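Sharing a structure with you now.
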Amino acid sequence: MPEDTLLSVRELKTLENATGHAFVSVLLLRRLTAKTASNGNAFFSLEFGDRTGAFSCTLFSDHPQFDLLKSLPEGTALHVAGKIDYYQGRLSPKLGKIAELSNEELNAPGMLDHLVEAAPEDGAAMWTEFNTFIESIQHPELKATTRLAFDEIGEAFRTAPAAVQMHHAYRHGLLEHTLHMARAAKVLLPLYPEVHADLALTGILLHDTGKTIEYEGSLAAKRSRKGILQGHVVLGYQLARKSGLKAKLAPALLERLEHIILSHQGEPEWGAAVYAATPEAVFVSMVDNLDAKMGMVQRALRQTAESEEFSERLPGLNSSLLVTKPDA
Amino acid sequence: MPEDTLLSVRELKTLENATGHAFVSVLLLRRLTAKTASNGNAFFSLEFGDRTGAFSCTLFSDHPQFDLLKSLPEGTALHVAGKIDYYQGRLSPKLGKIAELSNEELNAPGMLDHLVEAAPEDGAAMWTEFNTFIESIQHPELKATTRLAFDEIGEAFRTAPAAVQMHHAYRHGLLEHTLHMARAAKVLLPLYPEVHADLALTGILLHDTGKTIEYEGSLAAKRSRKGILQGHVVLGYQLARKSGLKAKLAPALLERLEHIILSHQGEPEWGAAVYAATPEAVFVSMVDNLDAKMGMVQRALRQTAESEEFSERLPGLNSSLLVTKPDA
Amino acid sequence: MPEDTLLSVRELKTLENATGHAFVSVLLLRRLTAKTASNGNAFFSLEFGDRTGAFSCTLFSDHPQFDLLKSLPEGTALHVAGKIDYYQGRLSPKLGKIAELSNEELNAPGMLDHLVEAAPEDGAAMWTEFNTFIESIQHPELKATTRLAFDEIGEAFRTAPAAVQMHHAYRHGLLEHTLHMARAAKVLLPLYPEVHADLALTGILLHDTGKTIEYEGSLAAKRSRKGILQGHVVLGYQLARKSGLKAKLAPALLERLEHIILSHQGEPEWGAAVYAATPEAVFVSMVDNLDAKMGMVQRALRQTAESEEFSERLPGLNSSLLVTKPDA
Amino acid sequence: MPEDTLLSVRELKTLENATGHAFVSVLLLRRLTAKTASNGNAFFSLEFGDRTGAFSCTLFSDHPQFDLLKSLPEGTALHVAGKIDYYQGRLSPKLGKIAELSNEELNAPGMLDHLVEAAPEDGAAMWTEFNTFIESIQHPELKATTRLAFDEIGEAFRTAPAAVQMHHAYRHGLLEHTLHMARAAKVLLPLYPEVHADLALTGILLHDTGKTIEYEGSLAAKRSRKGILQGHVVLGYQLARKSGLKAKLAPALLERLEHIILSHQGEPEWGAAVYAATPEAVFVSMVDNLDAKMGMVQRALRQTAESEEFSERLPGLNSSLLVTKPDA
Amino acid sequence: MPEDTLLSVRELKTLENATGHAFVSVLLLRRLTAKTASNGNAFFSLEFGDRTGAFSCTLFSDHPQFDLLKSLPEGTALHVAGKIDYYQGRLSPKLGKIAELSNEELNAPGMLDHLVEAAPEDGAAMWTEFNTFIESIQHPELKATTRLAFDEIGEAFRTAPAAVQMHHAYRHGLLEHTLHMARAAKVLLPLYPEVHADLALTGILLHDTGKTIEYEGSLAAKRSRKGILQGHVVLGYQLARKSGLKAKLAPALLERLEHIILSHQGEPEWGAAVYAATPEAVFVSMVDNLDAKMGMVQRALRQTAESEEFSERLPGLNSSLLVTKPDA
Amino acid sequence: MPEDTLLSVRELKTLENATGHAFVSVLLLRRLTAKTASNGNAFFSLEFGDRTGAFSCTLFSDHPQFDLLKSLPEGTALHVAGKIDYYQGRLSPKLGKIAELSNEELNAPGMLDHLVEAAPEDGAAMWTEFNTFIESIQHPELKATTRLAFDEIGEAFRTAPAAVQMHHAYRHGLLEHTLHMARAAKVLLPLYPEVHADLALTGILLHDTGKTIEYEGSLAAKRSRKGILQGHVVLGYQLARKSGLKAKLAPALLERLEHIILSHQGEPEWGAAVYAATPEAVFVSMVDNLDAKMGMVQRALRQTAESEEFSERLPGLNSSLLVTKPDA
């Protein structure tokens, strides 16, 4: 399949009256749900997508690719051949041959960018800068706690989104948001000397690490069982606690670090276990709020068409955003 | 001091125009706050109380009992001699001699009942029955988890209140509320066979154990530092987790047990970390709600004067309660 | 029409590209709305359904079945012949011959189960057990009040749903929910001796009887005019009042019985006229809440596919439900 | 006791350092609560007041007036002699001789005005005008329904307050508020011809009649048992229903009249049983809201001292009110 | 194009299986959004509509009408020829020739009524009556302020809707709602003499004038940039302030007039800048609420089919409305 | 009066049983309300205070200082001589000679600090730094707008509190809070390049200027008439608009500057006229929130006694604050 003829989901949807038209695409298997038809036959309800959109279709047990699909986890990247069809007025192609991408194909330049939205900054560069923030922690046990936590999480943190919806909801979004908060804290901390700088920075670096467990699937994020049963606040608290104990962090400091994570969501109805009750916890929850909102602004500026004056309505801001430049 | 001449706080307050009248009482030191007067002298702001009420007074650093008081933790039971006085219209006696109760005095029949409100059922009998519920758990690791948790808490659980305000807010209140929930679960579980009985019972027995850490002071409860910084939901989750790991409880069961505790408050704005998402968690949070409300009813029935038709307004019910019998 | 070739709505929808395909089905006429086309001709907008789903179609005044349909109330069960067609991408068959089911056909085994979702327990057995609860009331006038109320309601109570949405929203759902509450009360009442058992049981049996008026249509429930103008709380209160007066129930008891019904929804914004202010009213509203939530759990366990780990999101629980067994 | 030496409560409170000073006043017995002292003796906690304020005091069982007071209902008007005293800094006189006012004294000009705040318009004149509104109803059964309801209520309606707190909370307040709504309806109905005028007017006249049962005590209003257990909305609905049935009002009209009463509070959390769903019900609830708010304005204008620019904060308006004239 | 063969949007949608059928219609261009296809070509996403409904379609840059459309503002009335087609099951015609209506065509009798919903009363007659209300203001500077404000707004006020959704959301709706409030105020003001009549009337006439800036497009209303950035409350306040300064209105009166506008929305979460704190402001906000709700009632009565008993659910009333006559 | 014998309010209150004790103090006249006694005599209800507290007393028209007081505005600093007395149990001295402080006395070192709480940073130094921020604005018309606005406000901005309650509620608090926001913006703006730096900084400097009108009285802040009728958001918007027009700021920029002020409160129920809808407005409202919360933290750290572990409950944080150092 020559790469230049591959169609994106948006292109597949733009074809008009194309029933029967053959196509090849590289797509992510976003959801696979096993169902049973009224005649007793098994079938799959499938959702495929790429950065530009998604569609659903079904595949019955007598399809030659049925067994292959059965073995694939959600989030697998695939070569997909098929013919355009519609069901109840929506694009719902008849699937043909399907093949998993090789690791080389998946890691080829631009491929991940094709499959999923990602942070605008380069992931590797962000991770390098992130590590300088870990290194900048002066307090030995706080630094060790942070290092141990990221050793335990491993890769997941670098690529996870910061949310399924709302702010920084894309590949590398969690790393990007946490890094932006660290940058903000670095310049703000000299202005608020009552805040213990190392403790606040450690709190920032660790505050959302529970999301690496709350969301699963590096390419197709959804809430995991642990995410539904415990939530990222408790999961992140548990991770920080385990790391702090291993690093022999003084109990009084560990307690305050745990408190930052337990309270960073601000209000109980947004998920905070308790209200922020230390200078560091108040500081971290406010910097979190600032960067989350600014992240929504940045994404809307990237995604709104140039000819538009306002973005779509952004639920997190309760408004659409004026996207034209002030000097225009 | 002959016992029969001891005056309760209610009696001290009923004395009219009694300035200078000498008295002796047995009182609890509820609060001790160190302050500095505008002349630089140290003084204590003190709150004394018993089951019938409380009053505040001050004591300066030149008072012969100043050093004794400095060494006493809040919640200490004391013989207090003094003379009636008023400050800004409120009872504020001049303190005389003060002496800590001996252990024998404190454990004498009726003494605790004199000092603090307690559950109407006998504490020891409740604890015995409570242990039969632990024994009734069939699943070995769930039983071991429960046993280990109560071994770790020790005495505190038997006497703690279930709340500072609201429901079961008195000595033995936590034991009473948990026991009542276990009794209710025992008879309800056969009606809801989709609920895993051992898991639900374990969840009930452990659901509020974090309150033994959230409140401190066996006789004068207030929220502890850990209570403010973490809350009883997270504290109880942590205790259950530690006990479950020690008891080698299967991870899938431990996760569900933790979930019961994390979700039992029902709504995030009431303190739940997540919404209940298993049959057992829904069941436990509903039984908790049922017995908490009925506990408010029971206490209002005990405390409202016989000649009254309605209790005072009960904040937890958003109403006063009709306390006369239906057949009257 | 041989029974074995009848197609359910789900099967009609599973047919792909079947335009023009002839079918016969047994369906419920769920909604019939008379409209006027822009050319002045009358037509019906119709909704047909069975337990597996529903579809809409239109039928113009020149159709041979137009006059028959005009005479049929919503909720009629029909033999429907037609040909598959689609309108704006949705199943919208061209109707052919239509015939009302005979009473024998309607009462044939399995027919109601085919047409509408029903409680998993047998309706007749539940009704028998329900009557033993009425008989168990010791207080003669409370028993007579209950009996008179159910005599007045008649059949409707046995088959009505407990809600249009939310909990126990299916045939026999109201009977099932009320029966489950009575079972729970029977075992809980010995634990809460301050609750007048006969009064609480009467309150439970009668608390939702207003729903037999609030919803109309035994097979296709929607809110009736009285339901919209008064609500089931006031309607049930009125029914209990009338029955109590006829049974010469002592005014003090009738007032408390009325109060149970007026307050059972818990909060004014959920429909309670007043907050619960008697032990019996608090008890009934809590048992109602417990069984309503457990009913949502039970239905989700029945309806979620075996291969799924979580149910769909349940609005009444604010969460999806983990449906796999704890021991799995 | 010569009338000119009687002291009002405000005057009693203005006396400084007057301990032991003898006085005579005419006061209302607002609250009488029987209590038991710690020595087992019975005593009364009493609240006396007049239009200018209130004070509390106690009276023990050995006082010569104890038996007299035991027999008096709350709301009795009394000659009270006593000596000024203070308890905990507040006026708390030692009571001397007490005597009930004769009917002639109670009905003497100005006496009720001395005892309680009243509407600024004359009660008898308002009642006369009110009856012309009843007479203006054209529809015979609606007029009869209204007449029968007021026959049943009797005197209570003429003098009751419209609320314990909030709007029109004074003697004749209910009559005044209802009359003002009738006046407003009379001029507004020609502008809203889709509203059935007789039905809306009947709804207005009856909408708050439940308050004659919800509040008890003609001179010292508090919520009655029926008020707490049912609320004025249901009580008024029941009264209208009974009157409508007796007047043989057509069921369709009675249902709409009941609906006006059930929905007039606007929102369920303010006490409405259902949302307004007829033109008449929407109209009545809006006119109710208009006059309730304007009643708060009128009372604040009457009560705020002339030298003040703003009234005290009015909870019903969430603001203080600018009371100076626009032209000033 | 002969007028009698023009099809409305509702008629276009009623045609079944009409692909390829040619039609001519007179339609409003409601929305025009410029987009770029994945192949880099520009295209327009268009929404056309009339009083009976709307549809969307696309038009690519190689279409002969592309340049014409590029030059047309949203809200232009057009002759549209085309052929019926469907995209994803919805009506999405292929466009043919398009031509702007001449001014004579646009002003022909019935044309505006064809294009957009309008108030039932005649616009010109309402404007005449509206001016008599301006003339009725006695206070010279208040009258001048009002006159200057309407001179500045010009035509926009006569045709603007009172809202995009909710109440009076149609052509002339703003004039109609303001006029109805003036009529209501005229008859109510004698009943509330504490309200400064001229000030209240001026406040009513001006209260919503900011909506002429908040909404833009006389025929296809949407929120303007100023509407999103400032809101109609501040815009109306600014207009009143400017007019009042020009009219040399006394500062104390201007301040009160501004306050009426700033507070008329009632609650901050509905858009009020402050709570009403003068008799006039309370009065205006209550009359506004009354007429807004009655306007929803009136529109539902006009729009619900005669054979229906209840309207659709009206979000502003939280209910559907019983639309049959009480006497029916 | 020798300075060293002056007593603060806290010291006056600490005196026990001091009736009749003569004292001299320097106090602020916080409130003066003219009242009429029941005997028709005029009197003043007065509130005096200093940094350490406040008390109330009354002064009748026959007092030699009555006429002097009549002429004094609230907020005047006074020498007050008197004798300790109590009324209803509270300190309520009998006033003796009263004399206004001379300007020299008022401006003497430490005097303002004695009378009112002030920001910990020096007012003059803050004002100097504040001006460097104005100078740092590059855009000439934005700089001119800012300069003109502060020229118009004059002195008031330098000393006003940022709030009556909540955050920065003390002398210089408004200057301090605005300056802290400017410092934060200076370091954050390079991290958020999509924010127009000059526009955001101008928005910060002007965002709360309406408070100089909303609060009146440099030493005894209360909400002014304009504050109650318009609110600081609209007042600040008006000031910025006036200054921007005078500075010939481009309309597009002025509109965005006005929008920052109208939206900075975040949510309509906190006073925002609209939601933030530009990058600059989102940024300013988030920095405002950050510094407001940190200001509460800083004040609690200053005010809580060293021996305490937690501050009092801070309403703005919904919690008490742990005030001990993390390393302690």
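Every chain is named by a letter (A, B, C, D, E and F) in the order it is written, and numbering of its residues begins at 1.
Throughout what follows, a contact is a pair of C-beta atoms (placed from the backbone, for glycine too) under 8 Å apart; a residue touches a chain by one contact, two chains touch by 3 or more.
Given the structure is predicted, the values throughout are model-derived calculations rather than measurements.
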Any idea if subunit A and subunit F meet via the same residues, over half in common, or different ones? same
Starting from the Cα centroid of subunit F, hunt down the chain whose centroid lies farthest away. C
Pair joined by more contacting C-beta pairs (E-F or C-E): E-F
What's the rotation, in steps of 5°, that superposes subunit D's Cα atoms on subunit F? 120
Nearest whole angstrom, what separates the Cα centre of subunit A from the Cα centre of subunit B? 44
So what's the Cα centroid distance for subunit C and subunit F, whole Å? 61
Show the residues in subunit F shared as contacts by 2 or more other chains, in ascending order. 86, 88-90, 225, 228-229, 256, 274, 277-278, 310, 319-320, 322
Full set of chain pairs in contact is A-B, A-C, A-E, A-F, B-C, B-D, B-F, C-D, C-E, D-E, D-F, E-F
Subunit F-touching residues of subunit B, taken from the complex the two chains share: 33-39, 86-90, 225, 228-229
Across the complex, what residues on subunit C touch subunit D? 225-226, 228-231, 233-234, 237-238, 241, 255-256, 258-259, 262, 268-271, 273-274, 277-278
Tell me, which parts of subunit E touch subunit D in their complex? 180, 183-184, 187-188, 191-192, 194, 196, 199, 252-253, 256, 274-280, 282-283, 286-287, 289-290, 293-294, 296-298, 301, 310, 317-322, 325-328
Within their complex, state which residues of subunit A touch subunit E. 8, 10-11, 14, 16, 52, 86, 88-91, 305, 307-310, 319-320, 322
